[in-house]
Every structure is written in structure tokens, then in C-alpha cells.
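Shared between the two complexes below is chain A, which pairs with chain B and chain C, respectively.
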Partner chain A sequence: MTLTQRGTGIEIRGLRKAFGQVTAIDHLDLDIHPGEFLALLGPSGSGKSTVLMALAGFEPPTGGTIRIDGEDCTHVPPHRRNIGMVFQHYTLFPHMSVLDNVAFPLRMRGVAKEERRARAAAALETVRLGAFGDRLPKQLSGGQQQRVAIARAIVYNPRVLLMDEPLSALDKNLREEMQIEIKRLQESLGITVVFVTHDQGEALTMADRVAILQSGRLQQISPARELYERPANLFAAGFIGEMNQLNARYDGARAHFSDGTSLAVPQTALVAPVPPGPATLTIRPERVRPVAPGSGDLQGVVRDVIYSGAGTLIIAELPGGTEFRARISSAGIAPPAAGAPLGFALPPEGLLLYPAAA
Partner chain B sequence: MSQQNWMLNAFVYAVLVFILLPILIILPMAFSDTDYLAFPPKGYTLRWFESFFASSRWMGALRFSAEIGLLTALCTTVIGTAACYALVRGAGGLGAVFQGLLIGPIVVPHIALAVALYLFFQQTGLSGTRLGYVLAHTVIALPFVVFTVAAALSQVDPALEDAAMSCGASRVTAFRLVTLPLILPNVISGGLFAFIISFDEPVVAFFLAGIRDKTLPRMMFDDIEQNLTPVIPAIAVLLTLLSIVVLLAGWLLKRAAERKAPAAPSEP
Partner chain C sequence: MAAGFFQPEGRRLSKAAVTALMLPFFSVIALVFLWPLLSLLSLSVLEPEPTLAHYQRAIDNPVYARVLWRTLVIALWVSAVSLLLAFPVALLMARSEGPKLAFITACILLPFWSSVLVRTAAWSVLLQRKGLINEGMQGIGLTAEPLKLLYTQGAVVVAMVHVLMPFMVLPIYGALRNIPADYARAAAICGAPPWRGFLHVTLPLALPGVIGGFILVFLTALGYFITPSLLGSPKEMMISTLISQQIREHLDWPFAAALVGLLTLFVTAITLVFSRLFGFDRMLGGRK
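Right, the complex of A and B next:
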């Protein structure tokens, strides 16, 4: 019995979900490719879980359509969708053995007892829990329980696997281990995965593409690398990782700061066209290079120096009072002392310019 | 052992004696060989138990009470479990009102309830019928079933049913295969409670009794009025034994359920 399967695509058009006066999802368009690992990332209340629940069929949408493999599933009840789902808190059936838990979806599909035991055992083998079939869920650790839940969700070769913050209840080390394991499993099965998380590190590590949601709207959907290196807008830039943000006035070629200094803006810094006027110039802290006071592009005063093993974070204050961060390798030269003046060089290839937030 | 502990123990035993003494006094009286109630009895016999089981009147009442008790247990568990599901899982709204109404039969004195039911049943022709008894006893026993089942249901994660549905189970199947087995020990012990409440119930039975069909407690009242013989303590002893057996069964059931799902997770 093999568990190879091909994932299918999902097409979401104009999806809307309102709870009374509150709009949880606002005209969302999203294409999920067959066999893709897509992360839905956003702060709490961004609507990411609601999107997942609409895909699973637990939250009937207020408007719009959901097509799975070309078939309109918008109002199909959850148990007819043939979708695998892994919940936040494992949700194993406590009165059934691990094997019976994994065999449950096959039982619902009328598979004969002998076959479903064999297939459930194979699925348990896939998540490396082959020897645990006779145990009760309560006799397993949290990580093992979540692996059983994954086995239960993939045993019937579903078209899509939905995961709702499945690792948030696990401790940090186990979580990182499971991230790699789930990613490996997804690649070997070729199944389409939609994965909801509020942990950006998790999204960047696991997903082929990451969709960022805020207030029920899609902010950006891109491959992980592009999302980090070239965020589409200021929200995405601030939400993923650390980002220095400097208020400036853009004249079409240079960014002018309030203290009278200015900086040339290369064309590569424009992810999208930026009209002349108020703008925000951004740069990742690890792109910034501290230099001797008086030289470089910006001048500041060191406030804090935070050592964290491989890297050291320098937090400085610019003349206008703006906070500015630089991350340097701890192995380099000795970091400056707090209170000392410091210059910062901003390499042109690290700069990104966005229209100022409204 | 400290002074305080000794006094507490003495107090607890005194309360137990106070509660159990009437039952202990009934016990020898059931075996008295006189035709009237005597304590302590002069001689001992099993004749009153024999005459109870030999009498078609008593056996009829016993069968009638058992029928009503079983039907009441059935009605209360089905209605009570469904009501509980709505109360615990429902989105609120009328839930709080309904919960208040449920406590009604516990708070309102049974005599008041009995008079109300009597008047209502006279109008509707339900007086003295099997259906009338079952309806009345269901009202009285329902709160006990609801509270017993609610205690178990509130411990069951609602997401389990979602999980079952994502596995391909309909909502009904998800309830039947996942939620129901998890609350079943409480549903059954609620049903046992309802049976005992109905089986022992004297007040409503007093008002609702027809000429022909009488429940066991009602028949006992008749007998006390007309000819007080030791058959009454004999029946009292049998009823007490039944209650003990049912309560013990409920307790064993819960213990078996707890053993099946051990609370402490083992090491990975």
C-alpha cells in the first residue's frame, strides 16, 4: 500500500465572510497550485483561520466561490470535501487506539476492516509511529499525537491537507523538528498543503509560497525568499522580520531626510512605482554596515548593544529620534560602547522605497 | 491522631448513624412473625417477602412501576442528552432561559408540581395513564440527567466532532461515534438515577393514580392506610437494596470508564 498522491489546485474567488458587522475576509482572491505548500501568515484576527475553515467547510462563506480541482465546493458540507485536516490541539479520538484513529476516515469510506488496518498501519509507518498502533492517544507525547493526527489526515489520499497552526502547542525544539518532518512528508507525497501560522519563521522555513493576510485582505503572496528580500508593501515589510523604516521625501531620484541630508535611491529599491512625495525608505538591519562616526550615510548615537551568540544587535538613535538597528556578526570587530557616536553605511542593493503609509 | 481529627470522625459517624438508623430499624421489622409492626420482633420469618411476591396486586404494582421507571429513564436520557448538547454546544441565546426552566422541577415543591399536573391531566385525560406517569416523572428526573451529562459533555473538545467530520463523518455520525461514547458512562448513570427517582416517587403518583394502575409507592400508601402489616417494611428493604445496587452500578461504570482512558500521559 503506497501513499503517493497528487495534490490538486484550489481557486478562491471574491471570498467574503462577515460575522455580523465584522468582516473577517474581504473579497479574497487566491490561487493555490497543485502540490504546493502554501502558508497563510498573519497576525491574530487577520482572517487566516477563517480562510482555512471556509476551505474545510466549517465556515460557510458570505460570498464568493471556492473551487477545488475545478469543482465548486463553496457550499459542500465538510464531510463530502475529501480534504485532510490537522487541528491545533491534535483532536485524536481519546477512546480509540492510535490505529483506530488513523483508520477512522477509511471506516467512514466503507473500506473493509482488513484493508483499512493495513492502510492505517502504512500511514503510521510514514510518520514513524508504526510501533504505536495499539496505544491510546493519551499514552503518547504531544509531538507523537500530532504525527498521528497527520497520519489520520493523509491515510485516505485526500486532495488537499489543511493545517491550522498544528505546531503551536509544541515546544520550540520539537516544533523545528516537526517543521522539517512535515515539509519532507509533503514533498514525498506531493500533496497540496495549506498551512495557517502566525509564526513567520515557520512560514519561511516550510512554505513554497507565503500569503500574508491583514484585516481579511491579501497583502502579498510570493515565494519565501522574495517575501523577505522584496516585500510588496510596507505592511509586509514590517511584518516579516526586522525592518528599519526612515521617513523621507522622494523627488524621483533621491530620498531627502528632515535633517537636510539625502540619499540616492537606485531603481532596484522600487518594488512598485513610487510617486514623488512622502515616502518610507527601508533596509534590513543585517544589510546595514556600521562605520566610523562622520562617514557613511547616516549618523547616530548607540543606545544598546545586545549580544546574542552568532550575532550582535546595535540599536542606535538617529538625530530625529528615530530608532535604527544594525545586525553584525559577533566574530567581527569589537562592537561600539553604548553612548558612542556611530556612522552607518546603507548599501544601495539593500534599500527599498515605499510610498508613506496613509 | 490529633484531637480535632478525632472529633471530626466522631461527628461524621454520628451523622451516619442518624441517617442509617431508620433503615436499620426497618430491617428486623420486615422479618417479624407478628401480623402487626413490632420492634424488636419476637420471632423471625420470611413470610412477608413470600406474600409480597405471591400477591398479584403487589406484583402488578411492581411491574407497573418498573415499566414507568424504564420508560422514564429512556425519555430522560434521550431528551436530556439532546438538551445538554444544545446547552453546552449551542451559541447561547435561549440557553440561559432554558437552563433556569430546567432547575424548576428541583426548586418547586413536588406537591405543588403534583397538584398542577393533576389539574392539567384531568383536563387532558392523561390521569392514571402510563403516558401521564412517564411525562410527569420525566419532568421531575430530567434535571438530574441534564446535569450529569453536562458534566461529561463540557469535558469533550468540540473540535473532536470537527475532526471526525473532516475525516468524512456526517454530524450525526460524528456525534454517535465520537462524542456519545465519551459521555456514555454519564448518560447511563443519569438514566439509572432517573429510574430510581421514578421508581421511588410517591407524591406525584399519589395525585395521578387511577383506580386500576398504581405504582409501588402508591400501593404502599394504600396499604398503610388500610392494613399495616410487615409486608410494608419488607418492600422498603427491597427498595433500599435496589437503590444500593443501582448506585453501585453507576459508580462501577464510571470507574471502568476512567480506567479505560487513563488520565496521566506516559513518557514519549
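Right, the complex of A and C next:
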């Protein structure tokens, strides 16, 4: 008995969900490709979990449609959706053995006892817990319980696997191990996965594409590299990783700062057209190069120097009080002392320009 | 205060703390329950001389065995009917929030504000030949003659259910409330329609509360006195009425004490069996 499946696509159109006066999802359009690993990333209250609840069928949407494999299932109850789901807190049924937990979905589908035991055992084997079938869930560690939950969610070859912050209850080392394991499993099964997380590192590591949500709206959906290197808007730029943000006035070619200095803005810095006027110039701290005071594009005073093993973070203050960060390799020259003046070179290929936030 | 009296890490209390917390309760229990019980039981084997004759008499005479058996059957009926009525209420409570939950809880607890005697008297008013129920049934033509409702086993069961039902509702509510909502969702997404999810997941997880409520009601019903003596007939005497009769009418303290001994033995045995089968801490909401 093998667990091979073909992932299916999901089409979300105009999805809306309101809880009383509060709008949790606001006209969301989202296409999830067959076999894709999509991460829904956002701060708490962004609506990412509500999207998952709507996909699972636990929270009927206020408006819009959800199509899975072309079939409208906006109002189909959860037990008829043939979707797998892994919850944050495992939710293994505590009164059933591990094997019975995994066999439960098959039992609900009327699979004969012998067959469902064999298939459940095979699914447990897939998550490397073949020897643990007779135990009770509470006799397993957190990571093992979550793997059982995954086995239970894939044993019936669901069309889609939903995961609601499945790793957030695990400690850091185990979390990284599980990220790789889930990713590997997803690739070998070819199943479509929708993964909700607030951990951007997790989203970038695991997902083929990341969708960023804020206040119930989709901010950007793109592959991890693009999301980090070329965020579509200022929110995405600030939400993923660290980003220096400098207020400037854009005249169509150069960015002018309030202290009278200016910087040429290359065409590559414009992810989308930016009209002349107030703008925000951004650059990732690891792109910034500290140089001798007086040279470079910006001048600042070092506030803190934070050593963190491989890298060192320099936090400086620019004239006008703006905080500015640079990340350098610790292996290089000795870092400057706090209070010392420092220049910063901003390589043109690292610059990104956005219209100023309204 | 000695270090380690309270151990902040973990939830276990030190031995000294346990002793200090339990002492007032156990002192009262020892004084007003254990001591009178033991002196009563000593009557049963020491009066007028060391003997087991009183127990012999209670066991040999089939009348007394029948009373004990009847007590058992009535207590089972009361527990079963309470369970059937209480479970839906507990489920509703577990699914409710805010004012609705407060309202249902108030309805459950309201009867505690009046004495058992008053509530039992209310039933005898309702159930008498010219009572509300008989008049009502005659009024809508269900029966031509007034039925004998009062002084029957049915009247005793109904009134006892009324008094004891809160003790069934509360443990079941506690157990249901402790089940995280994600379990029902997990069952649903696994393909279980609501009723199967309830049957396979919610119900087994609520079982400790059900059993806890059941034995609470069952054991209380076994020793119930006021309701059976006011609403039952002498033909349907329960064990506590029999004991009271032996003491007050026949002044046969040693024999009454022997009956108390038998009842105590019975209750202890049942409690131990349940405890062995299910574990008491789980019935009261503890988790393993």
C-alpha cells in the first residue's frame, strides 16, 4: 500500500468573512496551484487562520467562493471535503491508540478493518513511527505526536493538506528538523499544502510561494526569493526580515534626504512605478557596507554593536534620529566602537524605492 | 514559613502543606461523621455481647434483602433518568457562553436555594389525587378517574431525580468543557459527520464526567431518606427508611446499626469498584 496522491488546485474568489462588525477577510482572491506548498504568512489578526478555517469548512464565509479541484465547495461541510488537516496542538484523540488515531479517517470512510490497519501502519511508516502504533498519544513526545497527526491527515489521500501553525508548539531544533521532514514528505507525495504560520523563516524555508496577509487583504504572493529580494510594497518589505527605511523625496531620478544630500536611484530599485514625491528608500542591513567616516552615501553615529557569532549587527543613528542598521561578517575587520562616527555605502543593486506610506 | 512549603515549580504541594490544608476538613469529618459511625457500628457487633447475630438476622430475613434490593433498583433508576435528562443540559451549557451560560447555570443551581423538604412537599401537592397533574390529565381527557401517583415508586424516582440532577449535570459539564474545540474539528475533517464525531470522540472524552456524576447520584440515592419516606409507601420502603423505623419505632439500635453496616459495606464496595475501573481523579476532571 503506497501513499501516492496528486495534489489539486484551489481557487479562492472574492472571499469575505466578517465577525459582526469586524472584517477578518476582505475580498481575497488566491490561486493555489496543484502540488504547491503555499505558506500563508501574516501578523496575528491578519486573517490567515480564518482563510484556513474557510478552506476546511469550519467557518462558513460571508461571501465569495472556494473551488477545490474545480468543484465549488464553499458551503460543503468539513466531513465531506476530503481535506487533511494538521492542527497546532496535535489534537490526537487521547482515548485511542496511535494506530487507531491514524485509522480513524479510514474507519469514517467505511474501509474494512484489515485494510485500514494496513494503510494506517503504512502511513505511520511514512512518518517513521511504524513501531509506535500500540502506544497512546500521551506516551509520545510533542514532535512524535505531530508526526502522528500528519500521518492521520494523509492516510486517506486527501486532495489538500491544511496545516495551522503545526510547528509552533515544538522547540527550535525540533521545529527545524520537522520543517525539512514536512517539505520532503510534501515533495514525495505531491500533495497540495496550505501552511499557516507567523514565522517568516519557516515560510521562506518551506514554501514554494508565500502569501502575505495583512488586515484580511493579500499584500503579496510570490516565491520566497522574490518576496525577500523584491517585496511588492512597503508592508511586505518591512514584514519580511529586517529593512532600513529612509524617508526621502523622489524626483524621478534621485532620492533627496531632509539633510540636503541625495542619492541616485537606479531603475532596478523600482519594483512598481513610483510617482515623484514623498517616497521611502529601503535597503537590507546585510547589503549595507560600513566605510570610513566622511566617505560613503550616509553618515551616522554608532549606537550599539551586537555580536551574534557569524554576524555582527551595527545599529547607528542618522542625522534626524532615524535608526539605521548594518549587518557585517564578524570575521572581517574589528567593528567600530559605540559613539564613533561611521559612513555607510549603499550599493545601488540593494536599493528599493516605494511610495511613502499614506 | 519553611522553605518548600509551597513548591512553586510543578503543581504538587509539600506534605506539610497538604496536611495543613486537609486538617480542618478531616477534623470535622472525624468528629461528626467517623466517630458517630464507628460507635454506631460497634453497637451492631457488641450489643448486648460480642455477636454477629444482628447481621445474621438482616441477611436471613428475605424482607430486609428485598428492601436492600429495592433501594438498589430505585437508585439505579434515579441515576439513569438523571443521566438522560442531565446530558443534553450539560452539552448545552458546554456550548454556551456569557449570559446564556449564566442563565442555564442559575436554573441548575436555583433549586439549592430551597430545602429538599419544600421541594418534596411541592411534589406531593402536584401528585395528589386532586393535584395539578391529575386534574390536568382529566381535563384533557387522558384519564377519567384520578390516578394514584403519590406514594408510588414512580413518585419517589421523579422527586429524587429532581433533587439530584444538578449533581449529574455539573461533572458532565466540567468534562465536556474540558474537551478542546479542535477535537470535534479534527473528527470532522477526518470525515466524521457531527453525530459520529460526537459518538467516537466527544462522548468517550466526556465519559469520566458521566461516570463521576453517575456514582455521585447513585451513592446519594442509596442513602436517601426524606423523599422516599414522604412520597413512597411503606410497601416500597427503602433502606434508610427501614433503618429510621428500627430506631424510632422499634428502638432496636443494634439491628439498625447492622443495617447501616451492610449499607456502608455495600457503598464502599461499589465505590472501590468504580475507582478501580475508572480512577477518581479523572472523574473529577483531573487529567492523566
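Here is the rule we use: the second predicted complex is superposed on the first by the 358 of 358 C-alpha atoms of A that agree within 3 Å, B and C clash if a C-alpha of one lies under 4 Å from a C-alpha of the other, contacts with A are read in each partner's own complex, and residues count from 1 in each chain.
Following the convention adopted for this analysis, a contact is a pair of C-beta atoms (placed from the backbone, for glycine too) under 8 Å apart; a residue touches a chain by one contact, two chains touch by 3 or more.
The structure presented is a predicted model; accordingly, all values stated were derived computationally and were not measured.
Colleague: Taking chain A as the common reference, can chain B and chain C both be placed on it without clashing, or not? Answer clash or fit.
Modeller: Result for chain B and chain C: clash.
Colleague: A:Met85 contacts which: chain B (first), chain C (second), both, neither?
Modeller: A:Met85 sits against chain B and chain C alike.
Colleague: Which partner chains sit in contact with A:Gly216 here, chain B, chain C, both or neither? Use first/second/both/neither.
Modeller: A:Gly216 sits against neither chain B nor chain C.
Colleague: Mind working out whether A:Gln144 is in touch with chain B, chain C, both or neither, as first, second, both or neither?
Modeller: The first partner, chain B, only.
Colleague: Would you sort A:Gly350 into first (chain B), second (chain C), both or neither based on which partner it touches?
Modeller: So A:Gly350 meets neither chain B nor chain C here.
Colleague: Who does A:Gly35 touch here: chain B (first), chain C (second), both, or neither?
Modeller: It touches nothing on chain B or chain C.
Colleague: Looking at chain A, does chain C or chain B touch more of its residues?
Modeller: The larger set of chain A residues in touch belongs to B.
Colleague: Using the superposition on chain A as set up above, list the residues of chain A that contact both chain B and chain C.
Modeller: In the superposed arrangement, which is not itself an observed complex, chain A uses residues 56, 58, 77-85, 87-89, 91, 93-95, 104-105, 108-109, 138, 152-153, 156, 162 for both chain B and chain C.
Colleague: In their complex, what parts of chain C are in touch with chain A?
Modeller: The touching residues are 180, 182-183, 185-194, 196-197, 200-201, 204-205, 288.
Colleague: Note which residues of chain A are touching chain B in the complex, please.
Modeller: So the residues of chain A in touch with chain B come to 56, 58, 77-85, 87-89, 91-95, 104-105, 108-109, 136, 138-141, 143-144, 149, 152-153, 156, 162.
Colleague: For a test of understanding, state which residues of chain B touch chain A in their complex under the given definition.
Modeller: 157, 159-160, 162-171, 173-174, 177-178, 181-182, 260-268
Colleague: For chain A, which residues count as touching chain C in their complex?
Modeller: Those residues of chain A that touch chain C are 56-58, 77-85, 87-89, 91, 93-95, 104-105, 108-109, 138, 152-153, 156, 162.
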